Amino acid sequence: MNVILDLCVVPMGVGVSISKYVAVCQEIFQRVGLKTQLHAYGTNVEGEWDTVFAAVKECHEQIHQMGAPRITTTIKMGTRVDRLQSIEDKVNSVLEHLNL
Amino acid sequence: MNVILDLCVVPMGVGVSISKYVAVCQEIFQRVGLKTQLHAYGTNVEGEWDTVFAAVKECHEQIHQMGAPRITTTIKMGTRVDRLQSIEDKVNSVLEHLNL
Amino acid sequence: MNVILDLCVVPMGVGVSISKYVAVCQEIFQRVGLKTQLHAYGTNVEGEWDTVFAAVKECHEQIHQMGAPRITTTIKMGTRVDRLQSIEDKVNSVLEHLNL
Amino acid sequence: MNVILDLCVVPMGVGVSISKYVAVCQEIFQRVGLKTQLHAYGTNVEGEWDTVFAAVKECHEQIHQMGAPRITTTIKMGTRVDRLQSIEDKVNSVLEHLNL
């Protein structure tokens, strides 16, 4: 089962700047070969369910190891069985409706 | 690693009423022995990371088997390594600050 | 237009304990007469759109005044024009599907 | 008070394809002059709080007028009083930590 997931990880108790923790997540996703798209409030990730969630777990584990005592994360995610759909497909299907 | 998770599963392409799908998720969590708390916009779940996410995956699988072609899910989740905290602890720590 | 909203406010740069900030939000909602239901990962709020969002704005303003330099908030919210639905209705419609 | 917001609007009861509704939201944000960045699981919006939330309300109103009986929306949003930060700033602060 494929999943497209939007991940927003917020380490707590480490001050207001969290970009280095987000960068570590990017590196985890790249290392395991998952396609990602960074945006200003999270990261889109696309891949097989188990691979994606193993990577999300590693994000939490590694951020704790970096010293964050607490993490709160927001995920939006979608699965569909009617057809295959990629990150690009989702964006393009919106763009097709816009009169640009 | 323990996780407290708030799950909101939205099957798409099945009309406006989705309560029977949410109920199936409740049954999955209960069957695997996870503590849950239902509210009006999701379900709090507490347990060991792998157990919780195996159950979340089963929710998606079973809702697709019930006929939903597409599912979009929102998750909020928290882990902490500084101390143990339960669903009740989180609610109580807010209530202690209220002058009820 | 009525809205049912689930609010999860996370002040950043104030350490790991955020319950006093969540309690302030509870007090704001109560003062303006909005029905709320606290749970372990947020608060359900129900009411007229403009009243609800004025209160959400006041939550952010007041938490900043309490000293939090940064806030990240997750909201889930629903509107419907086919029928009226309360917080209790949503919970009950799930419970009706469970064999308790 | 400035806000950076990530909006994900999901009309229910209209089938599995919702891109035309997302496109309408894009047009609303552009009409009122708000900066947006579309991604595969939502849209980043940046602007003054009241302007942004007036536009979010108009999204719900217009999608209902297009025939959707029910809408569920997920929002992540951030405010900060320590410094100004744009959508580009947030992305760049992560990229600076990556060894690309």
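Points to keep in mind about this one:
Which chain is which? They are A, B, C and D, in the order written, and residues in each are numbered from 1.
Following the convention adopted for this analysis, a residue touches a chain if its C-beta (ideal position, glycine included) is under 8 Å from a C-beta of that chain, and two chains touch if they have at least 3 such contacts.
Since we're looking at a predicted model, the values are computed, not measured.
With centres computed as the average of Cα coordinates, no chain lies farther from subunit C than A. Looking at which of A-D and A-C shares more C-beta pairs in contact, the answer is the pair A-D. Residue numbering at the subunit C/subunit D interface overlaps substantially, since over half of the positions present are found in both copies. In terms of their C-alpha centroids, the spacing between subunit C and subunit D amounts to 19 Å. Subunit A and subunit D have centres, each the mean of its CA atoms, that are 17 Å apart.
Subunit A and subunit C have Cα centroids lying 25 Å from one another. For subunit C, residues that reach two or more other chains under the stated contact definition are 13, 16, 69-70, 72, 74, 76-78, 80, 82. Against subunit B, the residues of subunit C that register as touching in their complex are 4-6, 8, 16-17, 19-20, 22-24, 26-27, 37-42, 44, 46, 74, 76-78, 80, 82, 87-88, 90-91, 93-98. By the touch rule above, subunit D contacts subunit B in their complex via residues 10, 12-13, 15-16, 18, 69-70, 72, 74. Within the complex, the subunit B residues that touch subunit A are 1, 13, 49, 53, 57, 60-61, 64, 69-82.
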